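Next come two complexes, and both contain chain A; in the first it sits with chain B, in the second with chain C.
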Partner chain A sequence: MKRHAVAVSNYITAFIIIISLNFLLPRLMPGNPLQAIYGEEALIAMTPELKAELISRFGLDKSLCEQFFNYLMNLCQGDLGYSYYYNAPVFEVILGALPWTILLVGAALVLSTTLGAVLGVEAGWRRGRAGDKVLLAGLMVLNGFPDFFIGMLLLLIFGVMLNILPLSGAVSPYANLTGVALLWDIFKHLLLPLSALTLAGITGSFLLTRNTMIGVLRSPFVLTARAKGLSPAAIRYRHAGRNSLLPVVTRAGVMAGRMATGVLFVEMVFSYPGLGHLVNTALTARDYPVLQGVFLVITVSVLTINLFTDILYTRLDPRVSYAY
Partner chain B sequence: MLEIHDLRVAYGNKNILNGIDLSIRQGETLAVIGESGVGKTTLGLCIAGLVQGKVSGQVLFQGMDLLKLSEQDLNKMRWNRFSLVLQNVENVLNPVMTIIKQVTEPIVEHGIRKKKYAVEKAVEVLSRAGVPSSRYEAYPHQLSGGERQRAMIAMALANDPEFIILDEPTASLDTLTRLEILKLLREVGRDRALLVITHDISAAAKLGDNIAVLYGGKLLEKGPAKEILTAPCHPYTRGLLRSYPNMTTVKDLQGIKGRLEIPQKGCCFYPRCTQAVDICREEHPPIARKGECYLACHRGGIVPLLQLKDINVNYGPVAAVKGANIKVYEGETMAMVGESGSGKSSLAYSIMGITKSFSGSIYLDGSKVKKRSKEFFRRVQMVFQNPAESISHRHNVLQAVREPLDIQNLGCDGERKEKVRRALDEVQLSSDDEFLSQYPYHLSGGEVQRVAVARALILKPAVIVADEPTSALDASVQAKVLKLLMELQQNRGLGILFITHDIALARKISDRITVMQAGEIVEEGPAERLITRPGHSYTRALLEAAPDMDFIEQEQNGVDLRESSLSSCSFLAKN
Partner chain C sequence: MHINYWQIFKQNRVGIYGLAILFAILIFALCGPVFSPYFPQNTTTLTLDPPSLQHWLGTNDVGQDIFTRLLSGARTSLAVAVGTALLSTLLAVLIGITAALAGGITDRILMRFTDALLTIPVIVVVIMIAAYVRPGVLNLIIILSCLGWPVGARVIRAQAMTLKERYHIYAARVFGGGMLYIMFRHIVPDLLPLLCVSFIQGARRAVFMEAGLAFLGVTNPDMISWGMMLRHALEYCYLDAYKWWLLPTGFALSVTILAFSFLGYSLEEMTDPRLRRREDA
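Our next item is the complex of A and B:
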């Protein structure tokens, strides 16, 4: 229990630091905090009344401590600020985009990691033989293509030439679908961006698993497993495979954070209304409150995912339970 | 049950096993001993079909050639008919599976029992192997070394195989755990055949019905455990036994010269063998029957260098030696122990031909010595008791040590001087010109005796007859001189007939001891046997008189217990 307490307190510390940074950064920038938050143009367009209201709302006339306290209180109420571009609270804007990204990135992460791991286990087992060489060469070539390029290729082939899958968006607009039809529609829209992301991410976990697998196959316990007369599949997955998983899980945790923003290109190509798309729009419109909100959401989710990875570790490898 | 014929394993160009022939009968235990890197583990893995290299020969398991089986057929045999206990190293068990799961696994995988019943069986074998029940659900890293070894033995028993291969089952265990594991293995081996691969010779002695000695991928010797361990024929086996610290043998530890290097041709052991001859460099000897054992050695095992048969020495009416029979083997020390006047020196003199009044025959290298030719003295040299007297005071160190070369007329002046320097180096004396020009009376007792030893060694003799060579020296110098002789024995195979009245000293340096009383040999045997279980009352008397370091107070039936450390014992305080 004490170990868990240490782990959790680590995460709490990290979280407090992140929140403080998110609070301090705009206030540390040269010039007016409002200017930093909203940009010069927005400030010029503002009426003095609005400006005064904003100043009192952010508590800019109060001490830094009080401001921080207010900021925290607002956060607790889900108040992340107000987006002028969308003319809506930042929280709502992000909430509209977040589920799509979670769906896309989550599915892509799970798929690319699983597929990469399975292929890696098989290739590592067959090291140096034809199957391994083909997989290695094929995936290395695939690794050369950026995800948006794969996305464009897929879009061209399946969307434009074959015309069997939708070109953009996450659902068909104004179709008012419900139930299974809605799910099918979501799935059809998801398929192409998901494939692009999965294909782009597969090589990393493949290479990692394959290399770990080659090392693990030399371990004495694999010899023990062989001596026990187990089936090759049992040796491959139950004994060698499971012991090769740890670095792959670590990588998946790291990738989760990266993909939340790295998904931007793919979401642009498919006009998929996720966080990446939102960030892009906010960047071009200099919608700082949204960017700041997205930053907070992503850091918090990366922390959460890391926590989950840590917990998953202990389930995968009993030796890790003391490794905090 | 298991018969191996001409088994060869090679990884690339590297031959690991070069033609092994072995057999294990039902219910029998065979121990394979040898240093690390001689192919022991490969042998075990090869039987189970687990080596990657090129394998040839036959491994007949109940008449079925395991090497010819397909991987699938072999998988059906593995663990059901024979199982392995691999060397207990880190990660020999899957680190992410609990012990009970790993023991259950082969039962379920081979379709012997359904999972529920398999767990019952796993619990049964685990408790039989003495794994505490609290450890069943533990992971391998949570187990101690001994517990892990037990778990592995339990796992090997899971499918009731008829044959188990154990690789170093006692390595890296503390002595108490080791003893328990040995007990367990003896019990396990009662109704099944075991192949125990080990460098732990005591484990081999305790478990093995038979022992095979492996070196350079070849068997050098095999036979009943008792024969191999009490009377090893091969110099390698003798070397292994000598370098193994244990509570039975009494001689100081000695190693085997050189390092593990297998030559391209010839006997695989010849570079480290002290009795190698020309043929040993040419071809590997075939393994052939010798008594109850099988031996691979061109020389027919450790050769006797010097043999004395029915030696009688008479000085007028006084019989100094009566019918003595003694053998000195290559690389061995034979100590002759007895009080002054028991005829030890007379026997030595008769060997060297110093006294003429003796009868009986002396054999050197197997052939009878007719006259003491120069050849004889090139093979046999003597170190006398009193160095100050045995070196002429008219000779300086150079002349004294050089004299044998002068007599044998070997080499030119320069070469002789060079040899003298080397001989002095060998006995750890200075070899500069200043020392060479010293006279015996300039030197200390220890130095003079070492000069005498150098003189005896300069001809590189096979046998040294040493008559009380250290009795004139103080203990620390004596220790130095003896260490030197032991080292020469290890590296050169020097046979030593060591005459001493000090059985405590004999115990430390000799392989065998002869006890002489009033001209008669009353007892002869391996040093450890003679010391621990003396047969003759005279030997017992010598042993009782031998110096020890026990305190007198304790010897007097412990009257002074209050002063001893036992006084703190609560048991004694109550009584």
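Our next item is the complex of A and C:
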């Protein structure tokens, strides 16, 4: 279909922009390109032999074109560079942090979408009445709070003032927990960052569901359902609610993108050992290879998810494809 | 087009609140030195002091007056917000209207590029660039604008497409008006309400991103910013200092973003007749 081709070409262009930016940024910086590519840690460990080897390996003495080709070839082989801070390939460093971020983002995405949808259906059903107004105003205000400040507030309330939840990390260090105790420990550590990320993402799906719900409630099939004498709950969820979910499902890609960046900030607040924490350490240590690797991983996954939902969109709602 | 926007805006309570809050923040930011006798960079031996008559919000870990720094942070936030909003709206106008007026292959290329930029997670790219550049206010404005224009460009192009079919535009063309002339003399004035929305939304995003970047520590360390204050305050969150250090800073940031959102919602409602409020919505 033509629409798919257009979508795919957009994502390919975006991908090329990202790759070029990733390649050009360190090389355009004034000063030593080796430092910009490898970070400060590398210069400390640098011997003349190593320096010569790195220059020839990355073709820094060759033209920019050849360097770019070199860079692309390395990427194709999954080689994201080497971190002198961790003394390990960037790919491995990222792989170690990725599960925590996926756990956090995945859970937050499911939670905020479900909660937002349920609240949206209820608010749309009660449009203009007290319940709707309170929800709408409350979530709008919540939307003004940056995700990291929501995280800090939760941290202060539950971690510092009430002292019932752990302040940082993903597991208790040196506790050697196993089985159920380990899962409980992971859950306790997950709770605060998860709540912060969920709260930050809830407004989007709430507003979307509420607005669609208001439109759907006007359609004839809802009148039919009412005339049949169905209970309000059945109309709300089985008939109107289900149809209001469509834009939420198709917007999941956008939501995932927002969460992928929100998680960086939230992880930093809670020192949660995922990609965000990795970024934070990399920023302080000027460990550029890790930084570049993480950004490549995040943007590529966001682009992939977006492309995927873009295609899913037409499958789920045939009406959109007529628009093109 | 003959709508008295101020008349409609006045009836919108949310918008009025937003405007009032922004105005208050602006006053605080501009008249900072009137409210406090300290310099934001000056350190004293009085560290982590609770609020007192001398220091309204106490002092931080190196004895700087927190209230003074809060006012300074407001100035940074607003400067970045206004600068970014202006520059990105200008870019959006130039690109959106050029695409609409030129049509054909120019339109196609410009819009493909716009759509491609729209799919990129902006914050991530900004963090990456900032990690190398460590931008101050001016560089930050440029970076944020270069990545922030596509949203506005799409909307402006769509509106300009309908405007360019109007007879007065045809007349101007027939009389030999150039593209830039038609753009700024005939199309931009009609787009003004839309540009306001784009401006406010751009400002809101800029405040958020500036704070986020400073919180990550990738902005120029000489730039006093709410995000950076939050970053430092978080390190001392186990002490009582958070009550007068972290909380006021966070709330100042949130209130600013909220004020921009409120103003944005109400302007959007005004310019889009479909959204214009009935008494219940």
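As a working rule, the second predicted complex is superposed on the first by the 227 of 324 C-alpha atoms of A that agree within 3 Å, B and C clash if a C-alpha of one lies under 4 Å from a C-alpha of the other, contacts with A are read in each partner's own complex, and residues count from 1 in each chain.
The rule is short, and it goes like this: a residue touches a chain if its C-beta (ideal position, glycine included) is under 8 Å from a C-beta of that chain, and two chains touch if they have at least 3 such contacts.
Predicted model only: the values in this text are computed from it and were never measured.
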- [ ] Report for A:13: first if it touches chain B alone, second if chain C alone, otherwise both or neither.
- [x] second
TODO: Check whether A:265 is in contact with chain B, with chain C, with both or with neither, and answer first, second, both or neither.
DONE: second
Open item on the list: I'd like to know which partner A:80 touches here: chain B for first, chain C for second, both or neither.
Closed with: neither
Open item on the list: Contacts for A:279 in the overlay, against chain B (first) and chain C (second): which applies, first, second, both or neither?
Closed with: second
- [ ] Please indicate which partner A:156 is in contact with in the superposed arrangement: first for chain B, second for chain C, both, or neither.
- [x] second
- [ ] Using the superposition on chain A described above, determine whether A:223 touches chain B (first), chain C (second), both, or neither.
- [x] first
Open item on the list: Under the stated touch criterion, which partner chain does A:298 make contact with: chain B (first), chain C (second), both, or neither?
Closed with: second
Task: Touch count on chain A, higher of chain B and chain C - done: C
- [ ] Return the residues of chain A at which the contacts from chain B and from chain C coincide.
- [x] none
Task: chain A-touching residues of chain C, taken from the complex the two chains share - done: 112-113, 115-117, 119-121, 123-125, 127-129, 131-132, 208, 211-212, 215-218, 230, 234, 237-238, 242, 246-247, 250, 253-255, 257-258, 261, 265, 280-281
TODO: Going by the contact rule at the top, pick out the chain B residues touching chain A in the complex.
DONE: 45, 48, 50, 74-80, 83-84, 86-87, 89-97, 105-106, 109-110, 139, 141-142, 155
Task: chain C contact footprint on chain A (complex, rising order) - done: 9-11, 13-14, 17-18, 21-22, 25-26, 29, 36, 127-128, 140-141, 143-146, 148-149, 152-153, 155-156, 160, 167, 257, 260-261, 264-265, 268-269, 279-280, 283-284, 288, 291-292, 295, 298-299, 302-303, 306
TODO: Would you mind writing out the residues of chain A in touch with chain B in their complex?
DONE: 219-221, 223-231, 234, 238-239, 242-243, 316-319
